[in-house]
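Take this structure, written in structure tokens, and hold onto it; I'll ask about it next.
Order of writing sets the labels: A, B, C and D. Residues in every chain begin at 1.
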Amino acid sequence: MDIKNNVPANKLIFPGQIHETPDGGFLITKLDEVINWARSNSLWPLIFGTSCCAIEMMSAADAKYDWSRFGFEVARASPRQADLIIVAGTIVMKMAPVLKRLYDQMPDPKYVIAMGACTISGGPFFYNTYSVVKGVDHIIPVDVYVPGCPPRPEALLHSMITLQEKIKNEAFFRKS
Amino acid sequence: MVITGVCLLAFLVVLCFFLGYMERKVAAFMEIRLGPNRVGPKGSMQIVADTVKLLFKEGLTPDGADKFLFNLAPFIVVITSMLVVAPIAYARDFQLWDINIGVLYVSSISSMAVIGILMAGWSSSNKYSLIGAMRSGAQIVSYELSIGLSLISIVILSGSLQLSEIIESQANGWWIFKGHIPVIISFVIFIIASTAEINRAPFDLTEAEQELTGGFHTEYAGMKFAMFLLSEYINLFVVSAIAATIFLGGWMPFHIGGLDAFNHIMDYIPSSIWFFGKTFLIIFIIMWFRWTFPRLRIDQLLNLEWKYLLPISMVNILLVTAMAIMGWHF
Amino acid sequence: MTNEELKYSITELLPVATYDESGEFLNIIIPSDELIPLMKELRSKKEFDFDYLFCLTCIDWKDHLMMVYHLLSKVHKHCIVVKAKITDIQNPKIESVNCIWKTAELNEDEVYDLFGIRFLNHPNLRRLFLEEDWKGFPLRKNYVDENMIKL
Amino acid sequence: MLLGQDHITEEGEFVINMGPQHPATHGVLHLKIGLDGETIKKIEPHLGYIHRSIEKMCEQLSYRQFIFTTSRMDYLSAHINNQACVLAVEKALQVEATPRAKAIRVLMAELTRLASHQLWWACMGLDLGAVTPFFYAFREREAINTIIEETCGTRLTQNYMVPGGVMMDIHPNFQKRVKEVLKQIKEKAHEYDELLTGNVIFQQRLKGVGYLSKEDAVSYGCSGPTARASGVSCDVRKLFPYDGYEQLKFDEILNTEGDSWARYLVRLGEMKQSISIIEQLIDNIPEGDFQAKTKNVIKLPKGDFYQRVETARGELGVYIVSDGGATPYRCKFRSPNFSNLSAIPKMAEGAKIGDLVAIMATVDLVIPDIDR
């Protein structure tokens, strides 16, 4: 909205033309806020863990770290009912199509957290391996990366709160 | 009539919000943790957030599914569970529909839920859903018998199928106290069987997460899935309300026959508090089951019904009948 | 039985076997076609009674492949290592020991997957870890994978 | 095509795929199950969904480096896996760890075993539909993890052991904290019994389910609690003692029933034994160095070396073939779960789907250890 006002008409930064984006107005903005509030506070993760990080994910669910405080505890076994897939653990070539399929089976909107070094880049299994996918973002788009091998449960909680922040800035009815 | 109906629906939805919140808090209490406490005061808006999210989630229908049945099933499940709410008496002189065959109505309508579940499982064209639906068919059909028989024991004692008359018959004491051991047995059987009837743990084989990922609702997403959750909580409320009405006197305060002064004091507590107090006590007990017990296996589940609950309730009916004829109850 | 006694008894059974006693276990090195008769004896004879195959693997020595079977007797508490030498590395094959120890079934699947040794009379030989269309056998020394990032 | 042929599907058979993503498989195991109604006719395991080529990697890593890969195999007994590697290297080098290092290793291994069994108990309940035990077991597991973290710096994949000893000395608080945790575990033991062990439904779900005979257990190469529940004496700590286990007093828990209930009891018994081992050692950690002197670049002599240890799930074997260089020529890990998994089709024959979940829970598979 503001870009066009600040940039002189003859000096557009992009080669193409910038279209005027319609402002949502009060009602739609408020509705957007409500939806984003609901979505960010109700992230149901898919029960999906391939290796060590899954144990730390379980730790995040336990009484000490207790992700139920944020409403994350409704872990769904079926991808149809999940909003969030926490890729906890190494993804190998054979698993990649399965993960893609799981992601495709999830209804929109869907979010991905890449948990641990293996999912970010292959991690400890980056060199000299023939079967490891070097980064889960080769397969599915990732919203939040959590480094660590494995990350502590606090780090996972932090990543989920970061994801909440991200969702709160999304636009559902407005076009941003 | 329309206004009443809308009010009732709104009440049910709010009730389900509360039950969902209660379930998560009870679970947290059992599991030595905190439970939702970030969204709204003490986490009370958590369920609202979940519902709004599910409303705006993509409600996809799988490609291989039978689209008509797939979309119809959640409505049938919700409608049947909402129909059962109609004859419940919430307080003194506050009953929407005092049908004269109330008990019969409740038990017949509630057994229709199995159709919706079977429909959901079959039309999903998912093997897990199908197994879940088959299990649910076997389970609900079997446990229907015990529920019916345990309700009949009170029908025999009170001599009426009408819920308001059953409540009135408990003016000098609730049936669970008046009816000696046979009614207590009926009550226990009713609680067990109705837990199975509404597919809650330890009888949640139809949606056994560790075995069938989601059972009959594996393929459901968004609002359609929310309707299954809605019907689950309505069912939970309904069976608890029925148990409270039939065995614990519904809105009837705690009376002891003959002690008029005591009864009079009890009458000062509003009848709706009596009703909801009893109902939520039973709801809490059913939730307590869920978060404590492991799940049964399918053959054990059917054995429990056909080899234990059914014969016991049949013998129990005999006892109750004898008791009613001889006038042994208070 | 001690290693010496084992060696003595096995020499009687199979004169072609050679031995290596440098390690902790007695290693018996045999040609691959002698495997099944020897293994059957080792399993069934009362004085051996090797009932526990606790490790089955293969080593690629570039010019030949070596199947390694670690055996233990739960009764006599003695261990032995049988190594079967497969000289044909282009088309390696060996008899399956699945009929003697059931644990061999999955282990041999694994060896087939990673080394490409075909096991004869195996009930269900398949690629266990990798996809069916995977090219090459990764644990072979001559395996090249252009996607692999070398350290 | 003969190879990779589908051996399980017959005409008209109801086949379901359990996994790769399924809550009961504890990871990414894929079981193809042929069903007759609810009864299982055949099971065919499909593996490799977490095959990370660890054995290939080890061929490029030095003898100090390759230890870390094993922490990621059976991540629940990471210490014990590391112990197997360093023991194999020590055996080849003919170096012996210092007495203090040995005691620390055993303590860490037993703490890991305790934590691992607690996680198993947690998942056991979860698999059978009881959610609450999960939280009770994790309470103690977190306490143990905190202790391990204090000394090793990580909660899960410790990589604490090095050839010749351990990487650093224990934290000054170590002994105090361990005693506190042991006290806590003992005090809370009755909750475990009340929640699951004494529950009628739970017992009914396990008794007589997943029977494995002694002969089959041996033939399938089972080890650990799975085999011991069938009456096979196979505790490596007793049969082939290492790191001073021969001086400690503990029992090998055996049960001859062979069903899931026996496996459950064996594991519960092992937790008690682990506590007793830790109690014997915690006040008797010898003074001295925590690491024996080894060369910076370790080169093993030519030959092959096999070292086995008892992890929480059974016998882990590390088989190193050395050609005299600084890296292993071939490195094979004999994983306990791999063999235990191969017995599952046998155990689950004729059982129900719910039984299969119970069987997998009692065998306690860790999938990355199977796939490596």
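Here is the rule we go by: a contact is a pair of C-beta atoms (placed from the backbone, for glycine too) under 8 Å apart; a residue touches a chain by one contact, two chains touch by 3 or more.
Note that the coordinates shown come from a computational prediction; the quantities given were computed from them, not determined experimentally.
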For chain B and chain C, the touch-path distance in steps comes out at 2
Note, CA centroid farthest from chain A's centroid sits on chain C
Two candidates, A-D and A-C; the one with more touching C-beta pairs is A-D
Taking each chain's mean CA coordinate, chain A and chain D are separated, in whole Å, by 33
Cα centre of chain A to Cα centre of chain C, whole Å, reads 47
Expressed in whole Å, how far the mean CA point of chain B lies from that of chain D is 43
Rounded to the nearest Å, the gap separating the Cα centres of chain C and chain D is 25
Among all residues of chain B, those touching at least two other chains are 31-33, 209-210, 213
Residue numbers in chain A touching two or more further chains are 62-63, 77, 94, 127-131
Where chain C touches two or more other chains at once, the residues are 129-131, 138, 150-151
Contact graph of the chains (line, ring, star, complete, other): other
Chains touch in the following pairs A-B, A-C, A-D, B-D, C-D
Residue positions on chain C within touch of chain A in the complex are 129-131, 138, 143, 145, 147-151
Per the touch rule above, chain A residues touching chain C in the complex are 93-94, 126-131, 134
Per the touch rule, the chain D residues reaching chain A in their complex are 20-23, 27-28, 48-54, 56-57, 59-61, 68-69, 71-72, 75-76, 119, 122, 134-135, 138-139, 141-142, 145, 155-157, 367-368
Interface with chain B, chain A side, in the complex: residues 34-35, 37-39, 41-42, 62-63, 66, 68-71, 73-74, 76-78, 80-81, 83, 107-109, 172
The residues of chain A that touch chain D in their complex are 46-52, 54-56, 58-59, 61-64, 77, 79, 89-90, 92, 94-95, 98, 102, 124-125, 127-132, 149-150, 152
